[in-house]
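Each of the next two complexes has chain A plus one other chain: chain B in the first, chain C in the second.
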Partner chain A sequence: MNKVFNILGLLGLALLLLAAFLGMQNWAVMGFALPDQFYTLSTIFLGIFIEAAPFLLMGTLASGFVEVFLDRDAIQRLMPKNALLGAVAGGLLGFIFPVCECGVIPLTRRFFSKGLAPATGIAFLLASPVINPIVVASTYAAYGWGPVLFWRIGLSLFIAVAVGLVFALQARPAQLLKPTPLIQISGASVDHPHIAPAAPGLGPRIQRALVIAGDEFFEMGRYLIAGSLVAALLQTVVPQTALLAVGSGPLLSVLVMMALAVLLSICSTVDAFVSLAFVGSFTSGSILSFLVFGPMVDIKSVMLYLQVFQRKTVLYMVWLVFLFVLLASVFINLNIGI
Partner chain B sequence: MTARRYAVLKIVMLLGLGLYLLYKTFSGTLYFYISDRFTWLVLLGGAGFVLLGLAALRNLLRQATPGHSHANNWTVLIVAVPLLFGVLMPDRPLDSSALDTRGLTTNTGLGGGAWSNVELSLPSDQRSVLDWVRTFNFASDPSIYTGEPADVIGFVYHDDRLGVDEFMVGRFAVTCCVADAFAVGVIVRTPQAADWPSNAWVHISGQMAVGQFDGRSYPVIEAASIKEVPVPPQPYLFP
Partner chain C sequence: MNRFGRLDIAVGALSLCLLAALGLVLWRGDQVGVSVLAVSPLDGPAAASAPVAITFGEAMDAASVESRFSLQPQTAGRFVWRDNTLYFLPGQAFAEGQTYTVRLASGASTHLGHVLAEELSWSFTTRSPGMAFMRSSDQGAELWTLTDLQSTPRQVTDMAGGVFDFAVSVDGQQILYSAFNQQAGIDLWLVGRQGEDNRMVLNCGLDRCYAPDWSADGRVAYSRAPGPLNPGEGYGAPRIWLLEPATGQSVRLHADTQKIGYGPSWSPDAGRLAYYDGVQNRIVVVDMLSGQEIYLPSRVGVVGSWMPDGDQMLYYDTKLADGLALYTIFRADFSTEDILPFFEPQPADGDYSMPTLSPSGEWVALRVRPADGGPADQVWVTPADGRFALTAAETEASLFSDLSWDPQSRFLLYHRMQLGVGNPVPEVWVWDRSTGTTRLLVRDASAPAWLP
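So, the complex of A and B:
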């Protein structure tokens, strides 16, 4: 009986979708006239989602494969014990795992479940959206071999390591993290019968990694979608023109560009090109703040952070990053001027 | 809901997302959402979702009793939201209604970088709206363009700062996805300016002249002909 219901339900859903697709694509035909802003919202939302979903997918795939193929001991052995060295190693880990800001979050969570130290994990989380070959290349393409590239890399690494070290001071690091009910490999398959225990063969292990990646996409994807919706809504409501109009002066310009980075929520792989549009009309410190703050903090990434850390940890993390970037950028505006 | 039903739902959503992305890539409407530079990424993503959906399906079929998963509660349905938007909402590129919050610039600093496919040395009648706006940025004297032929496509936008015989012909420039879209525009002068409704896509040819905008001299297109055209297959310019 249950099975019949399932099949009927699915058929109904499929029919409904088909009808929707064929008949309702044009609301105007049905006598509906949605406000123009709603179309804009829909287009921007889909734009952010379509751009970010493949990146999140890569992150959950990396996480699935790390779960299946990398064991706890390897991470303990490879990563430095010392907090400072650990944080620096975490900051540079992006060169080995080139995932950007959406993908890094499920991967970091997986590393934490495998016993990675918080300082290392936080440094990885904050640095890897910039410190990875793809973003270095795109920044180079936009700005060439020059101060913007060097400052972006240097400042991102410095802030990531510094924030990681601040959290290393926490006596019980496990308290930083959200208690994760992550699927673990050793002996946990009894609790998680939905995923076949890892058989020795390569095929079954790959299958298992893919299933874990799929489940994780649902866990993280919910927040990516909620974040993209909020960002699209803000973009259709908050006038950027008014925001940009206030943007001069060494302090105000930095604040405006940081706000814009959060508002736009674009991927770090391409933000260098986007920022080119503001060169000339904005101070160089503020351009840098856009390039350093944006990859670490924006609407969708904060939503995703909340899946890994306690709310309080996220709050401190965002606040620390904000202060660091603000201080550094204003300092550059007043003293250096790149 | 039972664990099995969650598993089925998730498989449907994964396959749905995959097929949606693949469909967008091949139907050409993907350009309404992201820059053409990232087509390969979406193609890869679509294939990836289909792969994950198939792997989850295989897992479900092989197991008599699917246990719980941690992503088992009603919030997994949020993942269907982009699918619903994608299926229910007509594909519509950004238009002048988005300018309320984004504004439109007649002067962009998009000049730097080794990375740019905007060619300043283009013959003037091949320049797009964005090319024109960029060239203006390099000119100290707006009259140097006077007499050059212009031939551009864009949407009509009526700006309060313009005279009664003028409107703007605008385009959105998209670097990555529509979230970073910014609008650029060139002033068009024609006696019938008021007859053209906002958002209409037009093909304008004419000659450059000098006009006034916001209290300073500015290059304008003196329109010889204005024709209504359908929305181009790539509605945005990719700087």
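So, the complex of A and C:
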């Protein structure tokens, strides 16, 4: 599996370089022109990658600082022992660590390595791309103080807590994670064997946090490149207009908008503005499904999930989120009509 | 050893529950239906010319709504849609003092499959029209109204004499007026028919915004002349702008800033907008749906009067006859793109100008100045079919302007300035078509317009 990601990552990197190179040349004048689809592909790919990369960097920075400044005992002490309270706390943790769906993954992995309970960690993973001050503010800016904002926050928190609680039933939490992070859980020195433990003092500790963040950024970055490339490829092959053409009815409109959210792989900080274009031509429930499902599940985040969790864990997580969002959105379309 | 752990069983069970719940929700079907955000006219007195409007919460399938719409007593009319609002424009004005009941049967649906769950029904009763006019003092002009033709005039603005002009909304509930500001620009203001809720809707700064006109679907077109670039310089050529009075949002009619014009006038169905292009000396008629433009050559500087269906316009232009430039009336048909003289046969002499069609489309009031009659005008009424069969409405030696018909096409309002007297006072008169009599409504008044 890692080989596939490595190949996709390399392809993406090659595309980045090629796009930059082509930008400096006027190939048409030289009698050589690539198909239009290639330019579409590279534009979409760059759009997704450039938008997401800073957020991944922020997430890995937060992860580095958590690794250095937050010990296992502190996590155990601060987080509720009760699974429900832990899941709710995890769902609201985004207000302390405001990270997008890319940044939350390395941070969650770090929390797991510090012994965070699965319910809390998964609730944090799913909720924090929406339940954080930046996304709340952008949704407010797009939709105002009204039902879309309230439903987005409420539904995201509810689904994150519910799915988190399901994973609390796993008798051996370590089995949810991939073997590599499990080894890392045993100690930071294994995670970063080439990094010497930090000497006492603030400066060396910050330096160590930054080194860890850098390592993690490059490690996760290739999966982000691979994810962005796949999303760009799918968007080039399956244009939005084809999806939107079939998007009517209380059920179908929800399915289409969920598919669109996966396909577009937009960061949750800006997706509210993107969704405004669909208001009026799509049902309110489907708009909400776009705003709730997209931050939890899209192509690039699923690829990043696969680096942290077992495939079965990712499958269960995505499936349950899909069902919850589908049910809630169809219910809203047929029974509430916001 | 179990093949499935607690997590697998929980995920399976939860999935079944969620799928069953989804099935139940789908089986129960639509429980809320389409939301209706607003209707008008609301209970209480309504203008006889008011469109019936229903605003939905989402985009509707027009055919499914229109087929379920009914009005008692039955009234012919046409439907116009703007965004999520349906407007029913009555072909003839509603009868005064009559109660009408609007019904929209359940089942009207959206393109997305939502349906109107319950029948929508409400009633309104029509009122007699009043009048709005301007009254000047030493300070300048203010806006006044008569809530009906028997009432006492009432001042509705207090703008230190700065009111420039105004337009009454089609439903008679609001008056949009222009007024000078501190920078010698002209802003647009909105006031209720009783003088309530007076507020600025558009701060035009140095620019001069004037000559507003309301469409049946609640939009306003106005002229906007850019303010001087440097102190002491003149104003720029005016352009036509559109305004949403509810939000104050304003955009140019044409993206091309070289298209100039003033004096906009909406067709009764809001499908076309006409304005005068003073550079090319022509009336420009814009189809608001397709953007197509039709040009009517005219050197008189004003647009014409619309037929009720918006497919024809009566306008006037100068015509040379025996070395004299006389005003002649033309009929432009936008569907056939024909322009023909209005009268059949053509009158031999005299000025025939300012044609004003009645809302029923049956009558035309016009200003007539006999070729040998000196500077005085007369007001005449003729059938709209073009037969040269004039009925005198007003033959006093006066100057007449601002002719307008009431919604029932019975009363004709006009401004009169008597000639041959010292210090003439502007007056507003009304002519009753059914009795052929005239009556002075208000002295010291100008720019009369019906307040339906």
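Keep in mind that, in the parts below, the second predicted complex is superposed on the first by the 292 of 338 C-alpha atoms of A that agree within 3 Å, B and C clash if a C-alpha of one lies under 4 Å from a C-alpha of the other, contacts with A are read in each partner's own complex, and residues count from 1 in each chain.
Convention: contacts are C-beta pairs under 8 Å (C-beta built on N, C-alpha and C of every residue); 3 or more make two chains touch, one makes a residue touch a chain.
Computed from a predicted structure; not experimentally measured.
When both complexes are superposed on chain A, chain B and chain C end up clashing with one another.
After overlaying the two complexes on the shared chain, residue contacts for A:I336 are found with chain C alone; chain B is out of touch.
After overlaying the two complexes on the shared chain, residue contacts for A:F167 are found with chain C alone; chain B is out of touch. In the overlay built on the shared chain, the residue A:I44 is in contact with chain B alone; chain C does not reach it.
Applying the stated contact rule after C-alpha superposition, one finds that A:V274 touches chain B and leaves chain C untouched. With both structures placed on the common chain, the touch criterion links A:F158 to neither chain B nor chain C. In the superposition on chain A, A:P54 contacts chain B only, with no contact to chain C. Touching more residues of chain A than its counterpart among chain B and chain C is B. When the two structures are aligned on the shared chain, A:F69 is found in touch with neither chain B nor chain C. Residues 280-281 of chain A contact both chain B in one complex and chain C in the other. Listing the residues of chain B that touch chain A in their complex gives 2-5, 7-8, 10, 12-14, 17, 21, 24, 30, 32-34, 38, 41-42, 44-45, 48-49, 51-53, 55-56, 58-59, 62-63, 65-71, 75-76, 78-79, 81-82, 85-90, 92-95, 97-98, 100-103, 108-115, 175-180, 182, 239.
Listing the residues of chain A that touch chain B in their complex gives 2, 6, 10, 13, 17, 20-21, 24-27, 36-37, 39-40, 42-51, 53-55, 57-58, 61, 141-144, 181-183, 192-196, 207, 210-211, 213-219, 221-222, 225-226, 229, 231-232, 235-241, 244, 264-267, 269-271, 273-274, 276-281. If you check the complex, the residues on chain A that touch chain C are 166-167, 169-171, 248-251, 253, 280-284, 316, 319-320, 323-324, 326-327, 330-331, 333-337. On the chain C side of its complex with chain A, the touching residues are 5-7, 10-11, 14-15, 18-19, 21-22, 25-26, 28-33, 35, 57-59, 84, 111-114.
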